[in-house]
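Presented sequentially are two complexes of chain A, the first with chain B as partner and the second with chain C.
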Partner chain A sequence: MAIFNLKKREIECKVVYYGPGRCGKTTNLEYIFSSYKKQVKGEMVSINTEGDRTLFFDFLPMGLGQIRGCDVRVQLYTVPGQVKYSSTRKLVLRGVDGIVFVADSLEVRREKNMLSLKDLQANLKDYGKSIFKVPLVMQYNKRDLAEQGIPLMPIEQMERDLNRQLKVPAFEASAVVGTGVGNTLKECLKLTLQALQREFKWAK
Partner chain B sequence: MRDNVVLAGSLKFLALGDIMQLLGANSSTGVLRLISRYAAEPGFIYFENGNPVNAACGAAIGLEAVYALFGWTDGEFEFTKENILSQRVITKSRMGIILEGLKMVDDGQVKRVGPGAASRKTASPLDTDTIPIIKGPLVDYMYVADEEDFFDGEYIVEEGKHGSWIWVILEGVVEIVRETPDGPLPIVRLGDGSFIGSLSSFLIQGHIRTATAVAVGNVQLGVLDSQRLAQEFATLTPEFRGLLVSLDKRLKQLNERAVELRQKQLDPAEYMDNKKPVIKQGTADEDLYIIRDGSASVVRQEDYGRVPLAQLYNGDYFGRIPFLDLGHEPDFASVMATSDLKVRKVDIAQFQKEYNQLSTTFKNFIDNVATCVSVSTKVVCNYYKKFSMMK
Partner chain C sequence: MDIKLRIKTVLNEAEIYRNQGLIAEAYDRYQNAVNLINSIEKLKNKDSLLKAIHEKILALNYTKEKVDKGPKTPELSKKAQDLIKNLFTFSENKDEDAAALEGAVTLAKFGQFDRALSDLNALLEKDSMRVDAAKNILRCYMASASVEDAVAQYKKWYTGDLFQPQQLETVRHYLEEILQKRGIEADLPSAITVEDTLDETLAVEDTVAEESEEEFLDITSIGITFERGARKGKMVELDVNFQSGNMLSLIIAKKDQDLLEGLDEGVKLKNVQFFSPIAIFNGVGTVVSKTQIKTGPKQGDYCLDIRISST
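After this line comes the complex of A and B, so read on.
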């Protein structure tokens, strides 16, 4: 549910990075913040939560055009993974327009990924959304660790584990160095804006 | 000043985080005022061009006050559009405050203020100062027949004496006290908008007062037109009257529990032995029941033990009452019973309809009973903790 700000002639939509703790959501956002400085509006908000950090900033995607003469402003968020942060989760997930699910490629995190995805589905359901309908992009993060000999899951396995039913676009990434981060975000914004366009057409 | 209110509503529906985003998107300048029945004073946040610049909540000001207000989950808010003369004390960004505030609530760094709050928060050590003050909404003067002043320490009502008057507090604080062999035991404190006197005043003429009310500081009271309230009560369906009487009984029992705890005469066994939960604390049971036969007990589960709250008998109601928040079952207490309990499900829609048709004063009066139940429960839990540990 994007917000129309008639005063500023802007459409404000929300993109949320979701995933198990320490999977690299925060690193994704930090990379975007530092390498797309021109498009970032305002400061980055960083909140220390148990076992993770929660980030937020405003983002003005360039070259994506306007919807009905309004600029599009995107709010990028990460969600704290811990169950107890229900108030934050509620605020962030309510009215979410697009989601990036960041999965951890480490073999040992296999189960954590699946649990987190399930958790996302349950949370979305609470706000009346279906994981199959919401614009969603998958990111398999930490691919660079293979070079250091750390056991990673092959992409095929991760696709089977997480994306067999969803069949959403998926990207390999390594958020620390920035590989794949831009592509993931671009694809997610594309899907989000397409969904918004569709919605507004219906409303016409 | 009221004319400037441009946005108002319930915090239950729109939480502070959402309100702040809304005001931010709108670049609004003005004052956001929050009122909670569980807080002695309203909270204020001052906005300039959509950004909070200062705030006040009790003794706290600035950022600290804003964070404290995130704990207010139940209450009213109103935003007035006006120029802000206050200095810019807060410089943190809006979203930063919102996310930090919510995190602090989830982390337990900020106290939750609302019904059932005690179960989520470890209660502070108990002394008279921590007896919470219950406030009510604005007084409807249509029902105020006369005004009366009482001075500090003066008795307004005395336990055991006859009387059927009902007052609403216009200004000041009144302490409700039960007499015990060990001296007076404070139960709750009532503030502006709260009512003195119980539902039983409608039932029996010249009924006996069950507690003492003492003025704390100078107090101004409004004498209510109890004739009119009694008439309204008489027009209700017998079922709805039964519900109200049952609520009133529950409140009286909570006060009894506090006295029993003080006397160390409370025996939790009779509330729990051989009983199984009918409604378990924390479940999402949406129904309301009336007891046809047998008895049930209301028990709250706390970290330090199970606190017996009330016994329910034939004709009493239990379950979720959609329009009232008792801070009891199903969210914050269990209902336990033996197998011979017989109940009947009640048509909640009918009750809701009847409640909606009540006059404002009568509604306030019932809401006040519910708030008293919720706060008294907290007091009972505090006493339970204090006295059971002394054993």
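After this line comes the complex of A and C, so read on.
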């Protein structure tokens, strides 16, 4: 839940990168950390990894400057994607204001994508939120692997699998080189801030 | 597609999946490659190729085992734990102890049991936090160690003197409910049993008191020497209207206001003469109650209860 300090005209919101294990959530944050230096307000913290697997979460604080007289701060998080870390995933999701669902474009990960989206829906429901109402952006990651001859799902198929009912903005991306990372984040922040504006009647 | 090209493609996929950390997918592709290689009888370097793939598979198995058997929630550095507390303790509780409790619970939720236990144990010293801290300590033990450890901790508290009986009973109920839900039976001594024992002791004492009641002589009247009020220094004799053991009830007419002035509740009467049909004795009494009669023929008069303390 966003923290809105009326007196100081400050707003702090939480955006979570969600998705199956090894889909590139941490890579998204790493790219943001290295490419948006001006907005990044501190170190990116990766709370423990096994090899390069996120066991807890990654955390990256950002400042978006003033928007209509309000200082806007954003906290970016990733969740651990592996199935066995469901309780941590749920804890990190608590109080979320906006979500980026990072889907793996690899054909072999089709089922994992769908299971993860279902898991997201269930966890949001437990917090009294609807996946249809929460600010959500879809990212189809690892598109660059097509060049290496790896079977990827066509975007149309991913849209059918994951976005047929949600109909949220979706972006092709390659987090490892940065393609689509910025656009995904910007769209998610736009939706999140619009939702907060509606909720708090802010900036009027 | 040419089979050699197929093998090359499959091995390329396997390698990329391995680099991506997709162990199961890489394993599947390597197995696929092995099957393809084995299907060709006269393949050049067949054995060395199979050996190389076998080594890749062994390495994958090792990684898989490491991931599977790795701790689900390893203990983090203090700095990381502080960050977790800071980021995931949502309540803006101004009370320091309550905030400390929330922080410890947050750590426990993230599997940081050692630090959580340390923080919770410190909170046991705070009376207002003790029960909640104890409940969460038990939860930590059950999550990180075993039910037996939780039960042992409860028993340790039971034998100690940190908890008040009612606090310990609340903790016992909490643990008992959790154990019942898990279908575990455990002998959890109740702190209230101690109180029951006390009650029994009191009951025995009551019986003794009842017995001693019977030993009290019937008092027909008492003589009170006033130490204050309008009758200071004078003795007044009053009839006893009812007696129950060492408790005497007297009625004093409302017109005798000067008497009533010196007989307020709690007043100790140091010089009282007790008159019985067979003897007169001196003793001490205490005014236990002074009640104005609301109804009946004695309406407006006062009923005075005096307990005989010693004779």
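Simple rule for what comes next: the second predicted complex is superposed on the first by the 167 of 204 C-alpha atoms of A that agree within 3 Å, B and C clash if a C-alpha of one lies under 4 Å from a C-alpha of the other, contacts with A are read in each partner's own complex, and residues count from 1 in each chain.
Definition applied: a residue touches a chain if its C-beta (ideal position, glycine included) is under 8 Å from a C-beta of that chain, and two chains touch if they have at least 3 such contacts.
Since we're looking at a predicted model, the values are computed, not measured.
Enquirer: If we overlay the two complexes on their shared chain A, which of chain B and chain C does A:I47 touch? Say first, second, both or neither.
Expert: After superposing on A, A:I47 lies in contact with both chain B and chain C.
Enquirer: Using the touch definition from the top, say if A:R22 reaches chain B (first), chain C (second), both or neither.
Expert: A:R22 contacts chain C only, not chain B.
Enquirer: So, A:S86: does it touch chain B (first), chain C (second), both, or neither?
Expert: In the superposition, A:S86 contacts chain B only.
Enquirer: Is A:K37 contacted by the first partner chain B, the second partner chain C, both or neither?
Expert: In the superposed model, A:K37 contacts neither chain B nor chain C.
Enquirer: Is A:F56 touching anything from chain B or chain C once the two structures are fitted on A? First, second, both or neither.
Expert: In the superposition, A:F56 touches chain B and chain C alike.
Enquirer: Check the residue A:K7 against both partner chains and state whether it touches chain B (first), chain C (second), both, or neither.
Expert: Touch status of A:K7: first partner only.
Enquirer: With both complexes superposed on chain A, which partner does A:V108 reach: first (chain B), second (chain C), both or neither?
Expert: Touch partner of A:V108: chain C, not chain B.
Enquirer: Going by the contact rule stated at the top, is it chain B or chain C that touches a larger number of residues on chain A?
Expert: C
Enquirer: Can A:I150 be said to touch chain B (first), chain C (second), both, or neither?
Expert: Second partner only.
Enquirer: Just chain B (first), just chain C (second), both, or neither: which does A:K201 touch?
Expert: After superposition on chain A, A:K201 lies in contact with neither partner.
Enquirer: For chain A, what residues appear in both contact lists, the one with chain B and the one with chain C?
Expert: Touching chain B in the first complex and chain C in the second, residues 45, 47, 50, 56, 84-85, 87-88, 91, 94 of chain A appear in both lists.
Enquirer: Show me the residue ranges of chain A that touch chain C in the complex, using the header's touch definition.
Expert: Against chain C, chain A makes touches at 1, 21-22, 45, 47-48, 50-53, 55-56, 59, 75, 84-85, 87-88, 91-92, 94-95, 106, 108-109, 142, 145, 148-151.
Enquirer: Tell me, which parts of chain C touch chain A in their complex?
Expert: 9, 12-13, 16-17, 20-22, 25, 28, 63, 66-67, 70, 72-74, 76, 80, 83-84, 87-88, 90, 109-111
Enquirer: For chain A, which residues are in contact with chain B within the complex?
Expert: Per the stated touch rule, the residues are 3, 5, 7, 12, 42-43, 45, 47, 49-50, 54, 56, 80, 84-88, 91, 94.
Enquirer: Inside the complex, what are the residues of chain B that reach chain A?
Expert: Counting only chain B, the residues touching chain A are 15, 17-18, 25-27, 70, 93, 95-96, 98-100, 102-103, 105-107.
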